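Inspection log for the structure reproduced underneath, given as structure tokens.
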Amino acid sequence: MEEKNLYPTICPYCSLGCGFFLEVKEGKVAGLSYMPGHPVNEGSLCPKGNASTEVLTHPDRLLHPLLKTENGWKEISWEEALSLAAAKMGSVLQEYGPDALAFLGSAKCSNEENYLFQKIARLLGTNNVDNCARLCHASTLTGLGKSLGAGAMTNPLSDLENSDCIFVVGSNFAENHPVISRWILRAKERGAFVIVADPRRTPSTWLSDLFLRLKPGTDIALLNGMMHVIVSEGLLDREFIRKRTRDFEGFERILSEYSPEAASAITGVPAGDIIKAAREYAKADAAAILYSMGITQHISGTDNVIACSDLALICGQVGKKGAGIFPLRGQNNVQGACDMGSLAEYFPGYGKVGDKEAAARLKKIWAAEKLSEKPGLTTAKMSEAARAGKLKALYLLGEDPVNSHPDSLNVRKALEKLDFLVVQDIFMTDTAEYADLILPAAAWAEKEGSFTSTERRVQWISRAIAPPGEAKADLDILLGFAEKLGLGLEYRDAGEVLAEISRVVPMYGGITKERLLQAYRVSWPCPETGHPGTPILHTERFNTPDGLARLIPVEYRSPAESPDPAYPFLLTTGRTGLHYNGGSMSKRSSFLLEKEPELFVEINPSDAQTMEIEEGNNIILETRRGSTQAKARLTERVSRGVLFMPFHFSGTNMLTGDALDREAGIPEFKVSACRVRRV
Amino acid sequence: MKSKAYERSIDPASSTMLRKAENEGIETAWDRYEKQLPQCSFGQLGICCRNCNMGPCRIDPFGEGADKGICGATADIIVARNLLRMIAAGAAAHSDHARDAVLTFKKMTVGEAGSYSIKDEAKLTALAAEYGIQVEERSKEEIAAELADALIAEFGKQEGPIQFTRRAPVERVKLWTKVGIDPRGVDREIVECMHRTHIGVDNDPTHILLHGLRTSLSDGWGGSMIATDVQDVLFGTPTPIKSTVNLGVLAEDKVNLVMHGHESILSEMILEASDDPEILKLAKEKGAKGINIVGMCCTGNETLMRHGIPTAGNFLQQELAVITGAVEAMVVDVQCIMPALGTLTSCYHTKFISTSPKADFPGTVRMEFHEETAYEIAKEIVRTAVENYPNRNPARVNIPDEKQECMVGFSAEAILAALGGTPAPLINAITGGAVKGIGAVVGCNNVKVKHNYGHVNLVKELIKNNVLVVTTGCNAIACAEAGLLMPEAAAMAGDGLKGVCEALGIPPVLHMGSCVDISRILLLASAVAKALGVDISDLPAAGAAPEWMSEKAVSIGVYVVASGVYTVLGTVPPVLGSSEVTKLLTEGLDKVVGATFAVEPDPFKAANLMLKHIEGKRRDLGLKP
Amino acid sequence: MNERIRLIIADEKKCIGCRACTSVCPEGIIHFSEEGGMRNIQFPGSCTLNCELCALNCPENAIMFLLREESNIEENIEGKLGGKLEGEKKAGENRVLLPDRIISLKLMPCRKCGATFATLKEIEKVRKAISEKVPLPSGGDFWMELCPGCRRGTFREKEAKTLLMTRKF
Amino acid sequence: MKEVLIRPELCMGCRSCEIACAVEHSESKNLFAAIMEKPTPQKRIYVEYVPEYNAAIPMTCRHCEDAPCTTVCPTKALKQDEITRVVTHSTDLCIGCWACSMVCNYGVIGRQKEARVAVKCNLCPGREIPACVEACPTNALVFLEVKKLSGVKRTEAALKLARGMQGKAL
Amino acid sequence: MPTAVYCDLSRCIGCRACELACQRENKTSRISLEVVEGLAPVPVSCRQCETPLCTAPCPGGALRYENGRLEYDAEKCTGCGLCILACPFGAAVLKGGVIERCDFCPEKEIPVCVATCPTAALFCAEAESFGKNIRHRNVEKMKKILDPSIAAGREGRR
């Protein structure tokens, strides 16, 4: 057998940060090997992980910088491309001021790249920088930030095995983060009680001991109902509340309206089940809450997150082994992109834009004369501004807003309206079709850099193979772009960028390339060299000024849209096990595509019967924003009156609304009123 | 499901008592056995180990579960270790019995054992000669004192052979030395057994078993043989005598005192005390026509063969004697005494008197026995029995009618005497083919076998085939009860044996004593072998223990085999869990000591195995088939 | 070695239509097609290849070769096949050129999905082989009437049924 | 129907049931002969140990209604009697595919290695009481109808109560 | 060692990583997973029967039961496909004249489907280990209903 070299790497798909080895033969990827020693996945990989190498070798990869001309795309040199980009952006800056520029970072790119990207934006004088975390977990940042002082997962995933009760709400982990099932099952083997609250009967619910089938968007009612039970039955951890939290008094009052019966009326979950769930959660020695986009992607997303946090706090289920709050992030570096300040309202390390002190600190390190003090535009606002003509130029780093953002018709309009659009990606996307300039980037294994997984684990990926064609590492492209802009950013490699990051971002203080290469498993906060990292947060104090967590009462609000006679169905969206987000990667895997080739909609068989829809029929779905066609899939997974569509295929987000969470600006992907008819 | 009384014993007297027990709601060993069923399979196969407190460990005999103990011991190791411990315990029982006899003997020589005296001077002189003790011009007490010291020294002998082992044919001794199993002092060997079986010492099954052979030899040719010979010197070497056996020997109108256990030291004194006029007078006063002393088990064998004292039964009849309701006192010393007697005697008027400093039981009247005041204590014991006579409830008395005459007391010396002072007639009978060979049938009773069924049928089958049977222990009593110990039983024998018995006026089954007296059988075998000029293993002889149960029997079995006698066991020893040990015992030992074990619960088939073996040996010796 | 023309003679009675010959033929000159519930195996009349892979791989020994030059070829063929073969005899030569032969075998439709999946003869052979190995009672080999896909499906459904019995949610 | 019911609180973990089962399903039905037999006799009851409680639980076929093992068995080697509900297994028909073992919710379908077939409890045909039950020294295994067992348990509980009351009265 | 790839169905989440891994390793996926009614995922692959029916009609001895396992010799395979017709599970397919069935990924330490399974539902083991696992799980369940007083009692017995 020929010699194959094994390169350790981290899966480029979701945020768990699973490790595996790339088999490289003669500079080409020959396959992958499992890594049983990796602390997150213990060698296992979900289907997407298994298909990840197909991305590297796919013929659709962008190989050259492309310029849009009247005769279609024209290959140009890097020199031309970067000069053009700098010139165009520069002229917009001159003509309309910095806030006519916007930068959309990528949760798929490394910490170093995101850092550099936002640094470029901020040095140019704008805070119009954001990333797709806005679409999934912005509410976690704001919600947990408010209550606990840190918007991140409190415990490592493997710690789930120490939990005695796992409460999963709004997360179909079994399909979206399959490896988590491993840890949940391990907890179950030890006798843990698993509660899953979801409107759909997903594979995650198969693993549960108690399934709460709530109506979409009624999470707060459920959580408040549970807390009502806990308070009225005296199951709360009074000592924890006294020592570690504040504002309990006001908090307690609001719960009185959420008796299990009242909660049951809103959520559709039997009152008995709410009581049972509350008791199991509160009585467990260590209980964990897992949540994901079923909590965050609502207009009440931030409140939903706070409700989860409240539940954990009143039961004292935070800051110890097996107990904590586990927001399951989406992208492989969504945590890192946020940490790096790829956010309109936060500097790197979560210094608030507008906070003089934070700005001063940054100015000093960056040797910048001044930084904008005005919070920038979030993704949705960018689209709005572009449509209004206020935003002129946009630099997209590995993003596909046409597919991944809600209300895609409006997104398309916005993109059309732009004067100049640069798209830096590895594949041609629907969004890239609108670009003026396309820059071919390197995929994850073709470059180096650090990535921060959902459990705050910072891991280093080394370059295993060269990028195809003329494609370049994002970092190199950005450095070239900055040079053309005359920003004078001089870094030799990602390691040097990380060295600066460790000075700028306090919790990365002790994280260096050398350290990550030795043991690719450091969890932040790691404030200084030699610090072992912090797998479990909040063990002693919370990250708030007084060290106490806040108990914040939240009220149930009905979703922005509810089914009505005109639009009688409630449409919810999510992911399937085989595809990933916009699908620009997963749909390029022949296998994944073969198994899940097209857009489908899950509909309850009895609804289907009423509508005379049969398995496999093409049906048209319409919302107030648009319509799309999909294959009907009849299944008991969804209850009557509910439809489910994955968002991997273009079409789904034509239907979703653009109602936003007022604090985090996250769109309500999860609930839309919808009507259905056969083709 | 309770078995019927007639299914439990072939002896009508015993069946009668079992029915009585059932009617009275009395529990016996058979009932307790049935409550134990099914018995633990791990135990039956010998594959559980409790030698350390990491355990208990056990091996799955069907290979699905554990194949090793915690320390790593395999089934083979565990079985071998357990077997060695059984041997050690059996050897300890015999040799400790012997020690008591020798110590009494020693005390007697210094005048501390008041009432004991030397009854067989000839044997004393012979033994002294064996030990090279000067006999000329010395008083018998002087000789005895020196002999006693020499015998006491045998127990703790660290190096060098036990003197009595040299009674074996030279070839045998050579073989033992070659294999490395020529025994040292029995105390040392037993201690070494316990050491070897401690966790982490000896873990090679063959190596362990070789020490088992050695230990058992130190019992057979040491402990047991010393016990026999010293008791002969003290109480007389048995000579043929007639008596009666079975439960019917209990007397309806006399004070019945049952002596149960193994040591003669006690029984001899009780016999003397029962003749005390004072006591006899008391008995009369209490309304009894006299005092009826009867034996039970091996104490029974001892008094039977030395004094013709009737014997009430063997091991499994101990409870039945009490159940007659006619026993005033059950006096026990050591070995094979069921603790159940405590509860049982409390259901009747019987006094359960324990006497040994070593052995006490629940529900006993304690009357500890010491040589210095032996007679006084014995008298006190008999008095207690007599005084208990009025408490007897005649309504509950039911003494079976069955009693059987028997001729007993064939010590090796007595057999020689019966043959006219030389083994020649026997040798001639064997070489001539009238007697095919010698069968040694011994051993206990065991509830797993219908009481006496194995014993009696096996013996009958052997004599029918012209095999002269020598017997000891519970088998001897079983044979006696079946009438096989009468010269008239020759009628049941084959023609050849019948002729020899009729000519000599002896029974076809010769009673050689208690279980400790199997040493007498070894001596007889040695004598015959020497006369034929061969090793014991060449003799047309075989052994059997059809109903064995005790650890003593294990030790006996092993020393008999180690001495060269093929032995058939009637109940399965706890070794089958190890194929290696089983193979060694049933095949491998032939290469080591020229004899092996066989297991055959069916007495007829067992007899066949023995006959086949005897025929084989005859063929090897070139004798007429 | 001279290129010799050999006649391929396939025995219609023996052939079960397994297609082993079609898959091993290095030149792919044995074809098969399925239509109208029949599987047709098309053998060329002759073959110039110096191989006998199709004959070697035929599980029923239904294929044999004859050299065209062999004498009394008609007899040979007739003798071996027990029937008369229609061949073209060239004038003046004792040679036969056989036309392409098609063996048509009836296909079995899957009882569940209706798709044909094997010839009746194949099924019969396999049934017999199985019953010699395991004494299945009649109807004990229900799966023989299903296509492999439906067998998987049936088994899957059975397992799923047992799983759903224990699954609460 | 009568079932082999388990009273874990009485189980000493002696594994007598396992051995009795293997012996009963041997050629000779005799312990000493069975251990030498080939193929090795196989038990169909399993004593599982619960370390936390230092207790053991014997597990054997429950003869489920609508038994999953019979559903998936392709060759009908596993069959359920319609009336008695006893699930039996024919070694002749078994092809050793272990589909049954995959769906058995109690994990009590074992494997005869040498014969390469499944083995499972057949409630000892020809015996009034299954060997395992008979072998149990503490009556942790009983052969009863479920209803009856509840009756037994009630009686026991009542006895316990009564004793407790007596104790107090004294 | 007659082992097979088994699935603990109660753990399977129907993610199909097994199919994908197998396809990557063996070009054709030899394990097939469908989610019945969207609720019950069941992977099907060669059961590695101990009395395999597929060997019965095999003419060339390419499939045979040897050394305690089902052996396949592609050299001897005639590609007649009769084995596929014999299999009750439809667990093998004929592709390019050879039989595609689970052979435990001989080049890997453990079959890739087992290695990749996120929930460890798939495992490669001897047949009897399956029952053992389930029994242990049942013990865990029964433990909860065991009377705690027993535990106390047993302590004394220990």
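Going by the order they are written in, the chains are A, B, C, D and E; count residues from 1 in each one.
In the analysis below, a residue touches a chain if its C-beta (ideal position, glycine included) is under 8 Å from a C-beta of that chain, and two chains touch if they have at least 3 such contacts.
All of these numbers come straight from a predicted model, not from anything done at the bench.
Contacts with chain B and chain D are shared by no chain at all.
Minimum number of contact steps separating chain C from chain E: 1. Taking each chain's centre as the mean of its C-alpha atoms, the one that lies farthest from the centre of chain E is B.
Of all chains, the one whose mean C-alpha position sits at the greatest distance from that of chain C is B. For the pairs C-D and A-E, the larger set of C-beta contacts lies at A-E.
In this assembly, the C-alpha centroid of chain B lies 82 Å from the C-alpha centroid of chain C. Chain A and chain E, compared by their mean Cα positions, are separated by 36 Å. The centroid of the Cα atoms in chain D and the matching centroid in chain E are 26 Å apart.
With centres set at the average Cα position, the gap from chain A to chain B is 88 Å.
Listed for chain A are residues 201, 206, each touching two or more other chains. Counting only residues that touch two or more partner chains, chain D has 74-75, 95, 99, 102-103, 105, 110. Those residues of chain E in touch with two or more other chains are numbered 9, 37, 39, 51, 53, 88-89, 128, 137, 143.
Put simply, chain C touches chain E in their complex at residues 18-20, 23-24, 56-60, 118, 122-123, 125-126, 129-130, 132-134, 141, 143-144, 146-153, 155-157, 159-161, 163-164, 166-167. Only residues 1, 31-32, 34, 36, 41, 43-47, 49-51, 53, 174-175, 178-179, 181-182, 185, 189, 191, 201, 203-204, 206-207, 577-578, 591-592, 595, 602, 633, 635-637 of chain A touch chain E when the two sit together in their complex. Of all residues in chain B, those touching chain D in their complex are 38, 40-42, 44-45, 58, 60-65, 572, 576-577, 579.
By the touch criterion given at the top, residues 9-10, 32, 34, 36-37, 39-40, 42, 44, 51, 53, 55-57, 59-60, 78-82, 84-93, 96-97 of chain E touch chain C in their complex.
Against chain A, in their complex, chain E makes its touches with residues 11, 13-17, 19-21, 23-25, 37-39, 41, 107, 112, 115-120, 137, 140, 143-144.
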